[in-house]
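The chains carry the letters A, B, C and D, assigned in the order they are written, with residues numbered from 1 in each.
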Amino acid sequence: MPRPLKLGMVGGGQGAFIGAVHRTAARLDGQFELVAGALSGTPERALASGRELGLPDDRSYPTWEAMLDGELARPVGERIDAVSIVTPNHLHYPVARAFAAAGIHVICDKPLVHTGEQASDLLRVARQSGVVFAVTFNYTGYPLIRHARDMIAAGTLGEIRKVIVEYHQDWLATNLEAHGSKQADWRTDPARSGAAGAVGDIGSHAMNLAETVTGLHLDAICADLSTFVPGRRLDDDGSVLLRFAGGARGALLCSQVEVGEENNLNLRVYGTHGGLSWSQENPNRLEYTPLGGPRQVLTRGQAYLSPAAQAATRLPAGHPEAFLEAFANIYDGAAEAIRAKQEGRAPDPLRTCPTLEDGARGVHFIEKVVQSARSDQKWTDARWSAPDTDSD
Amino acid sequence: MPRPLKLGMVGGGQGAFIGAVHRTAARLDGQFELVAGALSGTPERALASGRELGLPDDRSYPTWEAMLDGELARPVGERIDAVSIVTPNHLHYPVARAFAAAGIHVICDKPLVHTGEQASDLLRVARQSGVVFAVTFNYTGYPLIRHARDMIAAGTLGEIRKVIVEYHQDWLATNLEAHGSKQADWRTDPARSGAAGAVGDIGSHAMNLAETVTGLHLDAICADLSTFVPGRRLDDDGSVLLRFAGGARGALLCSQVEVGEENNLNLRVYGTHGGLSWSQENPNRLEYTPLGGPRQVLTRGQAYLSPAAQAATRLPAGHPEAFLEAFANIYDGAAEAIRAKQEGRAPDPLRTCPTLEDGARGVHFIEKVVQSARSDQKWTDARWSAPDTDSD
Amino acid sequence: MPRPLKLGMVGGGQGAFIGAVHRTAARLDGQFELVAGALSGTPERALASGRELGLPDDRSYPTWEAMLDGELARPVGERIDAVSIVTPNHLHYPVARAFAAAGIHVICDKPLVHTGEQASDLLRVARQSGVVFAVTFNYTGYPLIRHARDMIAAGTLGEIRKVIVEYHQDWLATNLEAHGSKQADWRTDPARSGAAGAVGDIGSHAMNLAETVTGLHLDAICADLSTFVPGRRLDDDGSVLLRFAGGARGALLCSQVEVGEENNLNLRVYGTHGGLSWSQENPNRLEYTPLGGPRQVLTRGQAYLSPAAQAATRLPAGHPEAFLEAFANIYDGAAEAIRAKQEGRAPDPLRTCPTLEDGARGVHFIEKVVQSARSDQKWTDARWSAPDTDSD
Amino acid sequence: MPRPLKLGMVGGGQGAFIGAVHRTAARLDGQFELVAGALSGTPERALASGRELGLPDDRSYPTWEAMLDGELARPVGERIDAVSIVTPNHLHYPVARAFAAAGIHVICDKPLVHTGEQASDLLRVARQSGVVFAVTFNYTGYPLIRHARDMIAAGTLGEIRKVIVEYHQDWLATNLEAHGSKQADWRTDPARSGAAGAVGDIGSHAMNLAETVTGLHLDAICADLSTFVPGRRLDDDGSVLLRFAGGARGALLCSQVEVGEENNLNLRVYGTHGGLSWSQENPNRLEYTPLGGPRQVLTRGQAYLSPAAQAATRLPAGHPEAFLEAFANIYDGAAEAIRAKQEGRAPDPLRTCPTLEDGARGVHFIEKVVQSARSDQKWTDARWSAPDTDSD
């Protein structure tokens, strides 16, 4: 195994949840070593958080701008290879833009940014600087999701007819944001979270999962967004009818107020020759039914799975892997892309991660859902195409 | 147990599936005795079918009109108490109308009729004649569905926010109607099946289940219908966004082309205080999660269930009951309603069955889904109110 | 369908559970018609029970002896074809012996009798009179159990190595017999229940299921029986190590005091080429894993199942069948055996039922378990061979 | 978070499975830093393995003896705090003894050693030197296992009556050891694996799990061991009847030849007031049924769980944790014990790990199972008591 890549982190200090997940994912396979951070919005907390994590004080920066300057001041080879951005959503754009422009690879949490314009701008910047830019749609890191993607790409399901993707939670079933929950506070605040609530936080995950697995992209959508908890400023529930290019149809259901649901992301895909079903809460099994045959339960770790599924696996069948390993697979894909770039070679196609384009699609989806929800018109065009960055 | 009620049957002869289900359901508890039939559209097959079932030739009629005449010619007390109508859908209306008008109680399969006008007419006729008119939305016969209904009525879930109901099948995933399947042939024929395919056959079940359990009724819907199998004349897949009076929202998903799905009807209901989940393919369990507490798995046959759930149960917990028992519970409710009418008393409130109003709501729902699917407008008004039959 | 066979019943009057199950099973397919009964041990209750069930008073007998006399006094063709014996266990022997000796076919609940000697005597009597004698080991009536049996017989699992069969309940977790439960009272009374409690009531079911599915028979056993509820006179829990002829090994676990268990009978069979798993509480699925391949979930009603599994099926896949249908399949097998005997032909091999030999094996197993539980010796010979009735 | 503890590793070089698991578990929470190793039995492979893992060559030792000498030659504060022993079983004893005697804390894989005498000797040595000695019975690291233990300790289940623990695998269903599998080769070799095969490898896990959760210890056992694969030199399947001190009874079933089983370790415990069920392959749920109430599904991450369960949790409910996190919890418990020892304080009682006593119990269990399997006597005394090390 080569030396670990040097990683800096923006956000994720004391009291944050997702920062610790990123750090564990980065560390799990020894692909990254955390060497620098601007871990909090207040300099004191940033420093304290850095010490907790064992960062030397001179690389525990009070602001992300200071970190960018400080790292660029270091000689190449000592500075960070990549930055992880794990702040509330509204900071993704300025931070990502600055580091990408400076040639530092970026691993950014989702949703990518607040607007499609910001996303297009990032695409331009990243293409110009040539950095790797990964977006942590972490659920695509599950080995059986990669197997599902490979089955569909190989035509095992025939022509895809129907895609149902759901993401159900209940943690916002009550007015947590009024009772001191930091997580709930920023996620229900349009200024920090963006134009959508549940749809932005989890609907975008669901859509990315569906598109990644099926390889299909949206044509049009019809959305109904709700805010069930009185006083909340963003949607906490949404249902979206989906029409895909090529004729497949489907539905995306998401909610953060459904009592009894923990983190129930699940995907069903039906084609002319077979059907698939997967659920994140029990991620080591993938159900596949060929037309006319019995349902099969494919399990992680088995030799009959695709090479990409096997490459994303650490443990034998029956020794369950879960959320952190899937997240680590995203970091592994980012590490491989970064090393390939550094070494001037093509990356191993079995080790992948969601890209900036995936992130931009997610932002576009959120915008279109919000637009559709406000419209009396049934169908809202949801096609996305990458900005023509060559002409810039 | 009182003597069995005398039952006639229209349809359900050789080669039919649902006729045998009705007969078994009627016989299971000894509430009904099949004594007459017009079992097929062709007189020879009708007679042969009658003999197979042990009917005397003189009560195995060549047509339903002959059966009506023949039975009315018998003295009260010997003639049939009720008729079961298990023909293809297009015959429900004339047969039901004639028997109801003649004062014979009716048990009719679903969907009730083809149009809202027909449904309103039946309501008028039935009210005038005073007959019991049951519609076999059989899935509401499951004991745990009755418990779910009772929990919600008692306020255990608080205010209902979200209702997700799904009905997934795969039996029409290929073009069966072109390959000699009698079932597929009539169900995909607008003249016999009605204006909708999957939505009429199974979507109406799903909607009835959701309304029965929650006690909520629709305000507006937004539907997308698809026909995936080339050459098919009716929808074989549908997704519908739901808005209920009072503010609850939801989605109804149904399909008959999803490979790997057998008869996957399931319902999830979420309120401010708890959530419920039930699946028809494993009907002896109902999952209930109170806000903040662990999920509970309620099982049929247990003493903690509601009186109506217990009244609908024949076997102890762990000795599974299933489809036929649930269907028989509908017949049991019809028998109780008929006997109560005959005896001039109120029926036992624990023994119920879907009514003509439920059937009319189902017809209305189908019409509105078809209308919405053809509309560019997002929301289609789906409110239903019973016709003012007094003024007729 | 031919005319129903005429059935008499001994036991199963007011307050009994299993009598109603037998009657429903007999009626479900219209194979039997209940025409006579000696339904209770007390003449008044017998008569009242008969009236409840619609029996004419002259065929509602005060005692089983009166029923036997009364029915024999009727002309052949009017008398009962068969008798169902659904009394507490201690009456099985005298009643079954008398009816079998008189040439009336017998359907008897399990465990068959109290002792191996009684079982051997019944075998002699039944062979001499030539009657059909079915024992309602009802769990072998499940279609997927028949499919499992057929898979193993066809060699799909290779050589069987391991058999694990379990039957867990909790209804006797407390001292019900001291608190007015009629069921608990006789089942925990050695005089009426026999030498074993849980092992007799449910362990014998488990053993029969394992032997029926695998076709294997026991060589030796090692048993530990427990009585957990203070004051109880029979075992309420048992664990048995199994060694089968031919080298397979296994375990049988049964209990009636395991809180949270309803009627959890399950079977796992492992061979050199594959493994099978089935659970009674969700009986419409059978899991099968071929060596090196993914687990398959076989479901009732599918065309890929064996002819016997399909013959035992009434409803399409996804429309669950359950306990009563499986029980009715036993009655259907008995009906077929009786008609074949009456018509002088071989019975349809797809329609079977457990035989008197199966019943005798069950009695032998119970005796041996009790013997082993009392022994300091590890292994107790458990081989059974049919008595040489020819020489009698 | 304090600085990571310095860890050395013996075994776990190229081609080994469990070494990587230990390293990931040690690294997951940043509690340990791997700084030294004697990773393979051959010096070349040891060095190559060390380089792969980024060890400096001067701390990648050719033998464990060299590592012990080399580390002891370093000043306190720079030498390793602890050694992980992940070799084949036969090396556990000499390595563990030497490091423990030298005052280096030990984390040793299971089964601990080959004989009870070796175990007693280790106990003596460890007590004299005062080192922390953890044994990686990793399945006790699952948060819901700790909750189950706490529920039982709190009396929620009442008096324990029955314990069923199973561990089913299929990876040795064929003669892998004859076809180049390094894992299979040593695990089926008595010289390296010990006196038992399946019972030693997985039966000991199962027994430890049952004893840890229930707090009960064995009185007597009755075992049947089998070797199904021709030519194999150790058992590959075992069934054991269990009698616990205090009156509880149970069964332990384990096998490595059951086709279709991956790593199916599961535990059921029944008491007078409730029952529990847990399965390792879906470890984020624990089923609990109180007497007379519905089954509850307790899920990892919820606030209603015990403090120890919560302390062992990294992610919110619905974000599944799995095998590696549970394994890391063992390392966390060891880290806490080591730090407490270093700091002269009592360890946090919420952060625990299996001890040398647990390891010794496991060895004793294996010995007794082998003895019982060879005996014609039904019950074999299986009580264990710690050697009286004070008098040594």
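To be clear about the criterion, contacts are C-beta pairs under 8 Å (C-beta built on N, C-alpha and C of every residue); 3 or more make two chains touch, one makes a residue touch a chain.
Heads up on the chains, UniProt names are A, B, C, D = Oxidoreductase.
Note that the structure is predicted; figures quoted are calculated from it, not measured.
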| item | value |
| --- | --- |
| Same-residue or different-residue interface between chain B and chain C, half as cut-off | same |
| Computed distance of Cα centres, chain D from chain B, in Å | 56 |
| Gap in Å, rounded to a whole number, between the CA centres of chain D and chain A | 36 |
| Chain C-chain D separation of Cα centroids, rounded to whole Å | 44 |
| Sites on chain A at which at least two other chains make contact | 261, 288, 295, 299 |
| Chain contact graph, described as a line, ring, star, complete graph or other shape | complete |
| Residue ranges of chain A in contact with chain C within the complex | 288, 292-299, 302-304 |
| Contact footprint of chain B on chain A as seen in their complex | 157, 161-162, 164, 170, 173-174, 222, 224, 226, 228, 237, 239, 241, 243, 249-251, 253, 255, 257-261, 268, 270-275, 277, 287-291, 295, 375-379 |
| Chain D contact footprint on chain A (complex, rising order) | 1, 3-4, 17, 20-21, 24, 27-30, 52-54, 169, 171, 261-264, 280-284, 299, 301, 314-325 |
